[in-house]
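Below you'll find the structure, written out as C-alpha cells, and then a few comments.
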C-alpha cells in the first residue's frame, strides 16, 4: 500500500475542529484517504483519525508535526502523527502455551501485521524453536516464584534495549509490575481468556464451567496496574454447551483468543485505538 | 405435529440405562422420534430425553407413568413424562417495558409457543390494551414500595388460582420473594439484560457503558433465591461500539433479550432443559 | 433527541471536499454531531454524511439547501439534506405472514423508528385487526392471478395519495411492476428470506434444505426491476442443523428477517445508506 | 483420553434400532460415553453414533465388528466401527497460500487433531520449509497446465503409497479428477472460500465484492465430481463493510476458512459426520 501519514487526536469538543483539521490538510494539497470522527456527549470529548497520502503533502513527518503543532495547541489536543513507512517495534511475551504466539508469528510471516517483531521474551524455553524458525531472537528469562524482581528487571532491560514501541502479552501469564505498566502505558496489550469483567484472574475457563455459562469469550485490553481492568480494545465469544468440560473450553477458547488478540494488535499498529479514561474509541 | 410423550430423566450414571429405557419403549412398540443422552464425567450424572410417538404406545400418559415407574425406581431417577397434547399453563409477568411481552404474545399468536398463556400480571397498567387485544386476562397488581408483601400475596394467589405450570418474568423488574422461588423452583424463567455473571443487579447497560465492553448480552435463567444467580438456560450477545450510549444499548439489547427469552421458554415447554445443581443440560 | 439536519452526498473524489463541507458548516457556527466519509478506490467515488445540530445553524432547511447548493454544484454532488423534525412517510406492504409486519409495528409503537407509518397495503385481509389496533389505515387490495394489473394500479394510486417517501415490502410476496420500481427507485425496501445471491426466487428455505447448507439467512435490499438483485442493505444468518426441516427453518429464519428488515429501514430513515451503482455504502 | 470404539451407522428407520444397539452394548458390559440419534422424516432414514469405552468391552475391534455384524445385517445398516487408538492417516494438499496449512499443522502440533499427518503434497515448493519444520514429508508435484494428468498420476500414487484415510485440500486450488473423487469418496475434504452455493468457482471474494454482499463466508465440504457441489460439512461467515476491498476480504476470510476447515476435519476424525445423499448429518 502507498505510504500514509496517520493523524490521531482527541480534545475537548467544540465547533470547528474538523474544519480546521481538514483545511490544514487540503490547504497543503493533502489527499484524505480515510477519516473518522467521534464526539462523546457523555464526556464532551472529541476524537479524530485521518489517513493522508504521504506523497500528496510537501512535508516529511517532522515538518508535518511542526506545521500541525499550532492547531493542536489551540485546541488542547492529545495527538500524534505516525508514518506507515516506519513500522512499530513489537516485543512479544509468552509463557508455555503456543497458540497466540504461533498465530501472531504466522500473520507476521504472511505480512498481515504491519510492524517489526524484534524479539520474543518468555519465562520458559519451550517455544524457542518455533520462534527461531522465524529468525526472531528468543530470550528465555526464568521466573523465581520467591523473588520475581530479577525476572522483571531483565525483562525491562530487554524491552528498553530493543526500543520497543509495543509489548504484546501473548498468554504471558505473569502480572507485570506497576512501574512497567506505567512506563509503557497504552502500549502493553494483553489477551485475557474470558469475557471481562466476568472471570477476571486465574483459571477463567474453570470459573465459566463452574457457573454454567453458555458462551465463553476473550478480551483484549491495555494493561494497567489493576489486574484485567484496563481499557478494553476488543472482545468476542463462542457458544459452548453442557457437553464442554473445561478442557474443551480451553480448546474452543483458543480460537477466540487468537482472533481477538490479533485484531487488537492490528488496530493498535494502524493507530485506530484512542484511549480516554478507562475506555477506548476504536475507529475500525 | 402428531402427539408425543416426552420422557425426561436424570440419575447416577451406570451401565445399561439407555438399553433399559429403549427396551422398555420398543417392547411396547413405541416409536422413538428424538432422543438425547448426556453423561457428565464431572458429577457422574446421566441425563436423557426421549420423544415417543404417542399413537405407537398402548398407554395413556398415566398408564405409561405407571409402567415406567419400576425402571425409574431401580435407577433412582429424577424423572417426568409430559404429553404434547397437554400444553402447559403459562403466567407472564411484566412491568412497563413492552418488548419481551409483545414478542412472546406475537409468537404465541403465531403458534410458535406450545402452551396456554393464562394471564399477564403487571405492577403497572400500561400494557393492558396490548394484552387484552390477544384476549388474555390482564391483572394490574400495584406495588407499594414501602410494603411489597400485599403485592406478592396477590401475585401468589393469582398464580395459584390460574394453576400455573410456568412463570415467565418478561422484564418484571421486581425481586420475587424466596418462598415463591422455592414453591415454583425450576419453573420461574427470568430474562436478565446482561451477559451474566457480568453486571448482575440494577442498570446493567449503564454498568456495561461504564466499563467500556464491546459486546452486550442477555441471560435467560431459572430464578432462585439468589438474585441473577440461578441456573443459566441461554445467553447471547450483540456487538456495540464507542458510539453507543446506554440508550442505544437498551435498544440494541432488546432484540437479544427477546430472542434469548423466547428460546428459553420454548425449550422449557418442550422439556429440553434438565437442571442439576446450579447448571442446566439443554438438549436442543 | 435534539433536532438535526442530515447532509448526505456523493461525488467524484478529489482533494478538498471534506474541507469545503466542514468549512461551510463551521463558518455558520454549525455543530457537527456525527460525520462519516468513505472514498472508494475502485470507483473513484467519494461518500459523506454529516449530522448537524439544527439549532446551531441560522438556517431553516430550505435556506440551508440554498446556501449549500453552490458547493454541491462545484463538486457535481448527488446530495440531499433531511430534517429529523420531518419524519418520512412510510407505506408497509404485506401479504398473510405477520412476523415482519408485527415487528415493525411494535418498534414503531415503541418509538424505535423515526417515521410516520401512513398505511398498510395487503393483498389479503388477514392482518387488518393487528394493524388497526395501531390506528393505522389498512387497505386490502386483492390480486387476481390472471390479471394483476388492477391490483398494481390500485397500489400505485394509494402510494401516491399517501405521498409515501418509503415503501417497505414486509413479506409482500408479489413482484412489483418495473414502472413502480423505477418511480420509487432507492425507496422500496424488500426483505428476502435467504442469504443472497443464494436461493433467489421462490421457497428459499426449501432450496436451502435441499442443498444442505448449515446456515440460513435473510437479505434486506432496495428493489430494482431484477428480482432479488437490487443493492444489498444488510444481511444476517443463523445456524441450523440436520434436524431442521424447512418448517423449522421458516421459524428460525423469521427472527433473522425481522432483525435485518428493521435495521435496514432504520438506516434508511436515518439517511445512513448511500447507493452507488448496484452497491450500498452504509454509515452505521 | 481413554480409548474408545466409535460405532456409526445409518439405515432405514424402524422401531427397535436403538434398543437393539444399546442392548448389544450393555449385554457385553459396554459403557456408553456418548450417543446421538437422528431420524429424518423426509427420507425415512435413521442415523446413530455411539462412543463406547473400549476397556468396558471384552472385544478387540475385529471381534467387536464380528459380533455386531448380524445386527447390522438385519437392519440393512451402512456402518463402521473405528478405534480411537488407531488414528487416521491424513494427507494434506496445498498450493502457495499458507494460512490453512499452517493452521492445521499448528493444531496438529498442539495435539488438537487426533490423526497422523503422513505428508503434504503441493504443486509449488513454497511451503516446504514450514512443513519440514514439523518433520512431515513434503512432496512438490508440479502441474503442467497443458497436461495435468502426470501431476494427478503422481498425486494418486503418493496417496496410495501413504495409505491415506483422509485427504484434506487446504487451499489446493486444483480440481481433482473424477476417478480420484470416486476412489476416495467421502474422504476428501475441501475448503471453499465462499458461503456456498453463492460464488462457486474461481475468485469468490471478487464475486462477493462485485455483488456487494455484507457477509462473506467459507464452506467445508466433501469433494465430489461436481465442482463445489458436494455434501456440506460446515460453514461460517464474517461481517464486512463497504470499506473492504477484495484484498481485505481475502484477509478477513482466511480466519473463517481456517476455523471451518479445522472443525470439519476434527469432526471427520471423530466420526461425527454421516453422509446421506448429498447432505450430512453432523453429531457435534
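Some notes on this structure:
Going by the order they are written in, the chains are A, B, C and D; count residues from 1 in each one.
Going forward, contacts are C-beta pairs under 8 Å (C-beta built on N, C-alpha and C of every residue); 3 or more make two chains touch, one makes a residue touch a chain.
Being a predicted model, the structure only gives us computed values, none of them experimental.
Any chain that touches chain C and also touches chain D is listed here: A, B.
Where the sister copies chain A and chain B meet, the same residue numbers recur on both sides for over half of the interface positions. On a Cα centroid basis, the chain most remote from chain B in this structure is A. Note on chain placement: the centre of chain A and the centre of chain D lie 36 Å apart, centres being C-alpha means. With centres defined as mean CA coordinates, chain B is found 41 Å away from chain A. Across the assembly, chain C contributes 34 as residues in contact with two or more other chains. Note for the complex: chain A touches chain B at residues 38, 40-42, 195-199, 211-215, 217, 231-237, 241-243, 245, 278-282. Interface of chain B with chain D (complex): residues 15-16, 18-20, 22-23, 25-27, 29-37, 39, 56. By the touch criterion given at the top, residues 98-99, 102-103, 106, 109-110, 112, 133, 243, 251, 255, 259 of chain B touch chain C in their complex.
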